[in-house]
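One chain, chain A, links the two complexes that follow: it is found with chain B in the first and with chain C in the second.
And now, the complex of A and B:
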């Protein structure tokens, strides 16, 4: 049975997928993951989950974010007047995310 | 530890103190080195990739522990090469449990052997936490930090192997064979020197007490898995207070060994001799500077 492994580098970080291990049950999966995925890289915590329990939806199944204009979702669409500094900060984050998303769509097509 | 006086720096020990410390260190270092050497034989041969990595990782841990103990033996001028690669095999002091060969594919053996060994190691290390010899005391914590995984690994495997008749029978066969050798883990290197180790407080538990503790933990646990030690070639007087166990012919601690040890030693020193080496390259920092 295959267990997917997620590693958290330090407390508070997200657990990120880092690979998998073969093991008969959860206890052995953790034991193996500790060596296989936690012995060389900085590790604060590991999660294991049965591969078959993971659900997936991908670009073949759906168009993530929709296909029509949804610019109302983005803060910079509402840029009528000078914004407070917190808003500007959030805007710049979103602008970056938007660029990355567009680049991904172009790269993918 | 109040009653026992702290021992001096390595260079200032009396000859008798030094001999006692050295016996204790050879017990520890040789066990760790040889058990790791045997474990390594499972590399790429364990049942799955995962078990292979886990077991090899344990072997690496044990080699690391051997390194810490051999390093302390170098305080009196010996080089690492003299302690390992050039030392006469008849001078080694590891228990014969760790030198026995494995039958090909008999995974129950390393699993059981590591369980018997690691429970004993834990007991022996705890008896060194308050050692009167500071250089030993200071290194115990670091080693204990890696031992939980070893015991958990062994126990998890044992529990699973004992779930079905066929695999439990293989564990039982390994137990019958290994148990008497496991008792040599607590055998004296030399009665008089071991008494001195206790008197000087280098170790806070005598061998007999540690053996009793080990039996109290290991026997009920193995029995709870449906295993029996009745068929093990046990000494006639199965009495933990008795000093003179009827041990196997080769005890190890007193430098008596099986022929398999001489083969193994020949094997792991082969490259050293073949390449005409006279010293061992050190690639890691001195443990004192870690």
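And now, the complex of A and C:
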């Protein structure tokens, strides 16, 4: 049975997918994950879940965020100096996400 | 873990569902997150009519995206609250419908005219964002995680609100006057957004000792005023004479409390303020109308997986 493995670097972080292991049950999957994924990289916690329990939708099935122009939902569209630092921070996170999204669409998938 | 240990360890994202948290902590966190979640939902209902009433297609689209975001924030936050094991999401939604769930003062006031929308979308969202930015380092990890996504999205809300304010304040004389009037009506409510000064806030002490709350009401209010008074003035809004606000040498602000209507504020806090009751009942009607959807989803889930009660109270 295949188990997908998610590793959290430090407390409070998200668990991010880092690979999978082959194991007969959850306990052994955790043990193998520990050995294969938690040995060298900084690890605070690991999750394992049976691969067949994971649902997926990808760019072949859908156009994420749609294909119409939705610039109205981005902070960058509104050309004003940010009122406060937290607004500025949000805008720069959005700008980064938008840039990455566009690069991915242009680059094809 | 006992309360003493909680206070000692209290730091950003320190506690998660894996920790045995004392009931006092879990109850305080539930109260705070549920209040926050309720506010997101009630704010969304307040703005919903402006998807139709907004004067252009762009504005309608932006309002619809924003309202959708706010409902999403509510859902994220109910999940974060649910993870404390005190109340389920359904219980919290029912409490809101029954008038037992508490939420922000500003969302108890109906919004009648389009010129009022920047009062919420710029000033109230701005005030909320100030607070939310500090909550990225709250001690309950699922709450902090929810804030990552919420703050990511909020920048659009505030800037969209600012764009509307700019448009109105550079519009016709009539528009400018109506916007100034709306500002005068909303300004005291916006100041009260941060609640009374610390001494009167009953839950502040404990919530900050255990790291749930990261900044005092007074500091939040000061930070807000520092950023948003200049913006209001820039667009030609006149700050009303009352409440009297004075700036201290250290950059903090002093708001003369007697100039604000605290009777109204505390009536609102009890959900007894008449126009606010209308807002609550309006949302209840919407919740009742789609009860059949929840029922059919639940029975579908039960058929597939058995009982669907998520993390019910212990």
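In this section, the second predicted complex is superposed on the first by the 102 of 109 C-alpha atoms of A that agree within 3 Å, B and C clash if a C-alpha of one lies under 4 Å from a C-alpha of the other, contacts with A are read in each partner's own complex, and residues count from 1 in each chain.
In this text, contacts are C-beta pairs under 8 Å (C-beta built on N, C-alpha and C of every residue); 3 or more make two chains touch, one makes a residue touch a chain.
Just so it is clear, the model here is predicted, and its values are computed rather than measured.
When both complexes are overlaid on chain A, the residue A:39 reaches chain B alone and has no touch with chain C. Of the two partner chains placed by the overlay, neither chain B nor chain C lies in contact with A:54.
When the shared chain is aligned, chain C comes close enough to touch A:72, but chain B does not.
In the superposed model, A:27 makes contact with chain B only, not with chain C. Legend: residue contacts after superposition of the two complexes on their common chain; A:12 is shown touching chain C, with no touch to chain B. Of the two partner chains placed by superposition, A:63 touches none, neither chain B nor chain C. Set against each other, chain B and chain C differ in how many residues of chain A they touch, and the higher count belongs to C. When both complexes are aligned on chain A by C-alpha atoms, no chain A residue touches chain B in the first and chain C in the second.
Listing the residues of chain B that touch chain A in their complex gives 48-51, 53-54, 57, 149, 152-153, 156, 160. Per the touch definition, chain A reaches chain B in the complex via residues 21-24, 27-28, 31-32, 34-36, 39. Chain C meets chain A in the complex at residues 12-14, 16, 58, 61-62, 65-66, 122, 126, 129-130, 132-133, 141, 144-145, 151-156, 158-160, 162-163, 166, 223-224, 227-228, 231. Contacts from chain A toward chain C in the complex involve residues 11-12, 14, 70, 72-75, 77-78, 80, 82-91, 93-94, 97.
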